[in-house]
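Here come two complexes built around subunit A, the first alongside subunit B, the second alongside subunit C.
Showing the complex of A and B:
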């Protein structure tokens, strides 16, 4: 199966790889995994408490090229958005942007789950009322 | 994989007496039948169940294999010759699936309409079925992957790190142990499923799907660690 140019680009030059301080109240951590392929993805956000804007996003993904590209793209997209805006990102947007084939759609689902888990974790830390949407995804730790 | 409707009566091509579609040989005239349309269990004249008597299954497999052997059809009709080959292929598939504990469990769950493993992944895009992730494992899985990456990088620059190596060996043993625990849990679910009513079966099925996911995860990890250690 051929990867699209965009997947290859993200795979070769992943954006925002790294780690944020998990203990910080401004940081939300989402750790998700796909049992079917063994992929595991950690996505972290640092949110400005005043503006609710995601100022920093980092990820580390162990998995296939599509999983790495999906999470790399996800961090690019959520940076600079408010938390609520970031929740609007759907896996189908990632599929479109990266031209993922059907067998790799679950990679995009994983990335969306990771965003939600990270935001869910941040909300939990900050005692904000979780929206019904976010409540369906539990922060994975 | 062939999963068809449960057995329906058909007439034997030879003696015309109606019989159960799942049989390889007509119970009345003993003539070979075309590949039956039932599931793998019915090839062995069994009801779907998980805790199988494997010696009995093997015995039945050998008995049927002998009866289907092409040599026995040397002077038979063209159709019968073809069926002996097709029936043998079916019998082999059925036996290989049913004798293996994991494949048998997966097969039965599929018969029950559940999707497992890769097949379910694509359908999850609409999020109707949220990912089933062994959440309690994630942290450990992530750390292990970090260690593996570190180990591979150390190798690349020609450095052996005995502490890292020891840590990975220990992790491998731990995950292998978790896999054994999963297998035990699966066996416990088999007993529940085999003896249970519809409700108990449904609950057991859900737990088995989760256990299989967990097992797949663990077995991939053990494989990765083995590869890295052996490299």
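Showing the complex of A and C:
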């Protein structure tokens, strides 16, 4: 399979790899996918409680090159955005940016799910109302 | 954090990239085979079926020489070799041709789950036409259980089709035992020996094989040519033709013979017979070296399928917690295959690995190394270093590896299946 240059770049130099303290109330963790399906993404955010801005984002992904690139790109895009802004990111934006072929669209869906799951977790910790909505997204994939 | 997947493994002197290590898919043409074939593309272009001039006789002579070279490799006689376009056709012709010919005797066929699709899908088609097919399971090591085979046989069983060596895991089925049992029960034994012929000794008499499929391009011969061995004595096996026409190949396979291809297949068999013993020892050495290097540097790796009953050049390993396609992407100057869903047309992980009882997650992490005649020790060393480097880097990226190191039981997690 031929990958786009952007996928190769993210694969070779993944951005924001690592983990944040998931016990912290400022941190939201999203773990989506399943080992049997061949991809698991963990995306974490640290949100400034005053400004609601995502100041830090980290990921680790088990998956193909497109899955790694999608999650790496997702962390790049959500950093510096407010939580609400980050929720506006759609999987189709990722598909377009990385020129993903049709068989790899599920990688972008998983990345969107990971963003929503991380934000959902953060909201849950911080007692926000939209919790239920965000939490169900992961299972719908 | 500056995690980089990009590898900086040094390329040793004498190693040219990319390295081909996918010899179960196909193998490079041996230059000696090409040399033998060349005249039959140009000056010696005759039709082997032309009986009235020297062009035809010359071609026919070349075909008969090839028939003998092939027969000699498997202990058969030249008259028992039928030329085809390759092993897929050979398997189709064998199974469909026997099913049709022996329909009055019975309608039951026995095969097993890790066969190539050319056998499995042929059997599935026959099921539509009223045949009963038993698909035997395999044990965790990839071998069938002889007791399962014995139990599956009944008075309607006409054919057992079990491969000699598996194309993914290189596991050798106990064909001599299977052949013996089949002959005791009066059942025809066909074996898809595409991966085994020329690699491990096969003798149709000692192994009690009645029908055998083989192919040119897996043994350093040309693509588009294969053969079917069909036993003529004790018992004589009959096959209903699946391609009708001029009655070539004793009526079993019509169509003008691919003379250059056949000459190449014959030469490839001759070389394989002469060099099998040394080549087998050489490839076993390379394979074991590769395995030892990978196992000494990496944790959570395991070999898929029996090491004891295995082709010399095959190593199928799972690098758990790393997805196969991402690993292939990191070692893109090495040609190997993966059982990962992402590398298959169906987006399903390897059915062969699943048949061993491996979880999908382990199948997704598998790589098949197929060592061949032209691989070198320096190549093996480079490939090992590269795989080790990339697996380590991808594991730094793997949430699963991190969780396992933290002592988390991944089977206890509620994964959102998608």
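General remarks:
Please note the rule applied: the second predicted complex is superposed on the first by the 128 of 141 C-alpha atoms of A that agree within 3 Å, B and C clash if a C-alpha of one lies under 4 Å from a C-alpha of the other, contacts with A are read in each partner's own complex, and residues count from 1 in each chain.
Following the convention adopted for this analysis, contacts are C-beta pairs under 8 Å (C-beta built on N, C-alpha and C of every residue); 3 or more make two chains touch, one makes a residue touch a chain.
Predicted, not measured: the structure shown is a model, and the values here were computed from it.
When both complexes are overlaid on chain A, the residue A:3 reaches subunit C alone and has no touch with subunit B.
Shared-chain residue A:105: touches subunit B; no touch with subunit C. Of the two partner chains placed by superposition, only subunit B is touched by A:91; subunit C is not.
Once chain A of one complex is fitted onto chain A of the other, the partner contacts of A:42 extend to both subunit B and subunit C. Counted by residues of subunit A touched, the larger count belongs to C, out of subunit B and subunit C.
Within the superposed three-chain model, A:64 lies in touch with subunit C and out of touch with subunit B [touch as defined at top]. When the two complexes are overlaid on their common chain A, residue A:17 makes contact with subunit C while staying clear of subunit B. Legend: residue contacts after superposition of the two complexes on their common chain; A:31 is shown touching both subunit B and subunit C.
Residue overlap on subunit A between its contacts with subunit B in one complex and with subunit C in the other: 31-38, 40, 42, 60, 62, 103, 106, 109-110, 138, 141.
Subunit A contributes residues 31-38, 40, 42, 60, 62, 91-92, 95, 102-103, 105-106, 108-110, 113, 136-138, 140-141 to its touches with subunit B in the complex.
Of all residues in subunit A, those touching subunit C in their complex are 3, 8, 11-14, 16-19, 31-42, 60-65, 67-68, 103, 106, 109-110, 138-139, 141. Residues 1, 3-6, 321-323, 325-326, 329-330, 340-342, 347, 349, 359-361, 364, 396-402, 410, 413, 415-418 of subunit C are the ones that touch subunit A when the two sit in their complex. Within the complex formed with subunit A, the subunit B residues making contact are 117-118, 120-122, 124-125, 127, 130-135, 137-139, 141-142, 145-146, 149, 213-214, 216-217, 220-221, 224.
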